[in-house]
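As written, the chains take the letters A, B and C, and residue 1 is the first residue of each chain.
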Amino acid sequence: MPISLGELATQFGCELIGDPDVVVSSVASLPNAGPESLSFLANDIYKKQLPSTKAAAVILRASDADESPVASILHEDPYACYARMATVVCPPPSYAPGVHASALIAPSAKVADSAHLAANVVIGERSRVGENVYLGPGTVIGPDCTIGDDCRFIANVTLARSVEIGERGMFHPGVVIGADGFGNAMTPDGWVKVPQLGGVRIGNDVEIGANTTVDCGALDNTVIEDGVRIDNLCMIAHNVHIGAHTALAAMVGIAGSTRIGKRCLFAGKSGAVGHITVCDDVIVAARTFLSKDVTTPGTYAASFPADEARSWSKQLARFRRLGTLIERVKKLEKGGSRSSD
Amino acid sequence: MPISLGELATQFGCELIGDPDVVVSSVASLPNAGPESLSFLANDIYKKQLPSTKAAAVILRASDADESPVASILHEDPYACYARMATVVCPPPSYAPGVHASALIAPSAKVADSAHLAANVVIGERSRVGENVYLGPGTVIGPDCTIGDDCRFIANVTLARSVEIGERGMFHPGVVIGADGFGNAMTPDGWVKVPQLGGVRIGNDVEIGANTTVDCGALDNTVIEDGVRIDNLCMIAHNVHIGAHTALAAMVGIAGSTRIGKRCLFAGKSGAVGHITVCDDVIVAARTFLSKDVTTPGTYAASFPADEARSWSKQLARFRRLGTLIERVKKLEKGGSRSSD
Amino acid sequence: MPISLGELATQFGCELIGDPDVVVSSVASLPNAGPESLSFLANDIYKKQLPSTKAAAVILRASDADESPVASILHEDPYACYARMATVVCPPPSYAPGVHASALIAPSAKVADSAHLAANVVIGERSRVGENVYLGPGTVIGPDCTIGDDCRFIANVTLARSVEIGERGMFHPGVVIGADGFGNAMTPDGWVKVPQLGGVRIGNDVEIGANTTVDCGALDNTVIEDGVRIDNLCMIAHNVHIGAHTALAAMVGIAGSTRIGKRCLFAGKSGAVGHITVCDDVIVAARTFLSKDVTTPGTYAASFPADEARSWSKQLARFRRLGTLIERVKKLEKGGSRSSD
C-alpha cells in the first residue's frame, strides 16, 4: 500500500530526515531497493551497502544516519521498526467474507459471517470459527475446536479435535494440531494404546510453521501460551506447556509433559526430554537437548561442529582411548612413567 | 460410556475394593478426578496425590491400596489396566457407514459397505477398503492399496500407491506412506532417478503419528510388522523392515534397507544408518544413532546432554586439545616431565 | 513396457551377451528376478547372488560377465544404466489430459490443455501450469506460482504462493513450498512478525521428498538450482541457495540465508547453520552440522556412533573430567606426580 514517508514516521513516532512527501510502495534490501522502496539497516555487517543504496528511505539508528545517501527514518531498533512498517507498506492479503461452495460445515458448527472459508475446507461438529478468520484450501477443522478472531490458516492445515486457539494466530500448510499423543502401555500381548483424551489450548498471536505437529494431551491439555513462535517441522508432544513469547526454530522436539518457560529460545534441531521443567529466559543452542530441569536463565549448549572427516575420525579414536589415557596418567602419578621404571 | 465399577472389574478380571454399583463416566488424573472419574496410580512419583484424590475409583497395585481414600481396582500393571479400561469408559468416536457426497471412488476400487468415507476422500484405482474403516476428511488413497478392517485414518493422510495395511491400524494427519524412496544414481550429467517400484506392507495393530513418512521399497517392499508404534515426524526409508511391537518415538529416522528387530525402543530423534541389522530387544537412547549391526540386546547411547554454554565452550576446547594431551602424556611416560628435565 | 534385450542394448549403447530377442517386462533384484525380469549387479556385496539368479538378463560390469548364468548387459556404471533402463521397462504412470470436475482453477490462472488435474486440486490467482503437468489429488497451488512442463505432484502438495518451478520436477505428498520463513523481531511487547515477501525459485529436474518444507525468502528468493534432490522431512529455510545437483538425505536442515554449493551431499539428519557459505563438492556425514563457511571440498563429520549404554555413561563421565585430567597432566609436567612428592 503506497504511503508517504511522513505518514509512516508519524504513525510509528519516528524522526524522519528527508522529504516527508516521498511515497514508498515496496520494501527491499539495501542493494536491491529502488526509488519506491523502503529499506533498513539493522546489522552492522550490511553497513557497507548503505552508501550506494537507491532506496527512497532507510530505517536505521541515529548513529548511522550520517552515512545514508537517502532519506533516513531513525529508530533505536531498526529491525523491529522495519517489521512494523513493512506490514503497512506490504500488508498481508485480505479476503472477502464468504464460504466457498465446496466448503463443508457440520450442522452444529458455527462460522462467523466475516470469515473466509476457501475451497474444500471442512469444519467438524460443534466447532466455532471467529470473525475475519481465513481458512485456506484443504484445511480440516475437526470436532470441538474453537478458532479465535483474525486467525489465518494458509492451506491444508489439520486440527484433529478439541483444539482451542486464541486471536490473530497464523498456521502454515501441513501443520497438525491435536492428533493423539504417543501413549502406549507395554503388556505381554504387545502395546496397548492409552486413550489420548485431552485437547490443545493455544493463546493469542501464536504462529506455527509448516508441517509442525502439536499433539493433544493425554488427560489434561497441551498448552502453548500467547505470542509463541514455532518454526517448521517441530514436534510438541502431549501435555507440553510452552510459556509466552518463547520461540522454537525448525526441527525442535519437546518431549511429553515438559514445561518450557517464557521468552525461551530454542535453536534449530534442539529440544528437551520429557517430564522436565525449564525456567524463563533459557537459550538452547542448535542441536542441543536439555536432559534435566533448568532453573537458571542463560545459554545451554552441547554440540560438536563439523570437522574435516579424517581429523574427526582421529579425534573419535582419541576420545575412545580416554579411559586408557586416564589410566596412563594415574600410573604416572604413582610414579609409573617409563623413565621411573 | 458410563459403566459401574463392578462391571469394569469383572470385565478385566480385577479385584475391586469398594462399592461395585458406583458408576464412572470419565477418566482423569488423580488431582483432577471427580466423583464420576476413574483414575490410576502407576508411577510412584504421583503417590503423594493419592490421599487427596476425589476420584470414584483408582486403579493401583495391591500394595498401594491401603492409602487410597476411595474405591480401589487392583492390578499388577495399573497403567496397562488403565489403558484398557479408559477405552471402555471413553471409547473412540464411532462413525455410521457411508460415503460423503464429495468423496471420490475410482471405478475399479472396492469399498466395504460398513466403511465411512468423510468429505473429499479420494480412492484410487484397484484399491480396497475393508469393513468398518474410517477415512477422515481429505485422505487420499492412491492406486493399488489395501486397507484392512477397522483401520482409522484421522484426516489428510496420503497413501501414494501400493500400500497394504492389516487390521485395526491408526494413521494420524499428514502421514505419507508409499512415496518414492530416495534412489538416485550419479552420472556425469547429474542424478538419474532410480525408479522406486516396491510397495509398503504394514501389519495389524500399527499406529503411525502425524507427519511421519514411510517410503515404498525400491524393488521389494518396505515392511512394518504387527503392533509397531511410530510417533510423529519419523522417517522410515525404502526397504526398511521393522519387527513386531517395536516403538519409535518422535523424529526417529531409519535409513534405507536397515532391518530392525522385534520389541525395540527408539527414543526421540534417535535412529539408524542404512543397510544394518539390529537384533530384537534393543533400546536406543534419545538422539543416538546406530552405525553398525547390533547383535546383542541391550541399551545403546551416545549423546551429550546440555551444559551451561560457557562450560561447554571450554569443554569443547579441551576436547579439541585431546591429541596434544595424549602427546604430553606420552612425553611424560618417556620421562619428559619438566621436573625430570 | 515389454521390450527386447536387443532394443534395450541398442537404445543405451551397451554390449549385450545373450539372445537379443528375449523380452523383459519387469525389473527385480537378483534373488527375486524371474525369466521376464531385468536385474543388475552394481555392488560387490551382492556378487554371491549372481550365479543363482533366474533373471532374463543382468546389467553388470564387463569384469563380472563371466559369472553371469544368464544374458549380460555390459556397462561400466551398472546402477546408472539400470536406473535408465528400469524407467523404460517400468515407466511412471501416464495421465490423460484433463481437469477433474472437483478441481478449482482461479479465473486468472492458466492451465495447459495437456495438464492433468486430479480431484480437489486448487489453483490460485495468476498461477500457471505447464504442458503435461500432473497435479495429484488434494494439491493446492497458491497464487502467483509457475509450474514448468512435465512436473509431477503426487498428492496433497502445497505451494503457498510465489513459487516458480522449472521442468520435470517431482514433488511428493506433504511437501510445502513457499510458506513464510521464520522472521521475528523481538520487542518489549513480544515478537513482531517480519513480513516474508520473497518467493521460491526452483530449477529443472528437481525432486523433493514427502513432508519436506522449503520456505519463501524474506525479501529475495529462496533458490534451488537444477538437478537438486531432496529427501523426506528436510527443512530449507528462507533465502537459502542450493547449488545444482546437490543431494540432501532425509531430515536435513539448512538454516536461513546459507548458500550451499553444487554437487554437495548431505547425509541423513545433517545440516548447516544460517548465514554461511559452503563451497562445491562438500560431503557432510550423517548427523553432522556445518557451523561456519566451508571453502575446501571434502568430507566433514562430527558425530558419535552409539555405544553400549553403560560404556557410554562411563565415557561421558571421563569426558566431563577432561578438565581435571588436563590439570593432573600439568601437575605431572611440573614434577607433581605422587612418586615425586
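List of remarks:
Note that in this section contacts are C-beta pairs under 8 Å (C-beta built on N, C-alpha and C of every residue); 3 or more make two chains touch, one makes a residue touch a chain.
Treat the numbers as computed from the prediction; the structure is a model and nothing was measured.
Think of each touching pair as a link: the shortest run of links from subunit A to subunit C has 1 of them. At the interface between subunit B and subunit C, under half of the residue numbers appear on both sides, which makes the contact a different-residue one. Subunit B and subunit C have centres, each the mean of its CA atoms, that are 25 Å apart.
Across the assembly, subunit C contributes residues 102, 120, 138, 156, 174, 211, 233, 251, 303-304, 319, 322, 325, 329, 332, 337, 340 that each touch 2 or more other chains.
Subunit A makes touch with subunit B in their complex at residues 102, 104, 120, 122, 138, 140, 142-143, 156, 158, 160, 174, 176, 179-180, 182-187, 190-195, 197, 211, 213, 215, 219-220, 233, 235, 237, 251, 253, 255, 271, 273, 283-285, 288-292, 294, 296, 298-304, 314-315, 318-319, 321-322, 325, 328-329, 332, 337-340. Chain contact summary for the complex, subunit B toward subunit A: residues 27-29, 32, 77, 79-80, 82-84, 86-87, 90, 92-93, 100, 102, 118-120, 136-138, 154-156, 170, 172-174, 205, 207, 209-211, 226-227, 229, 231-233, 244-245, 247, 249-251, 268-269, 286-287, 303-310, 312-313, 316, 319-320, 322-323, 325-326, 329, 332-337, 340.
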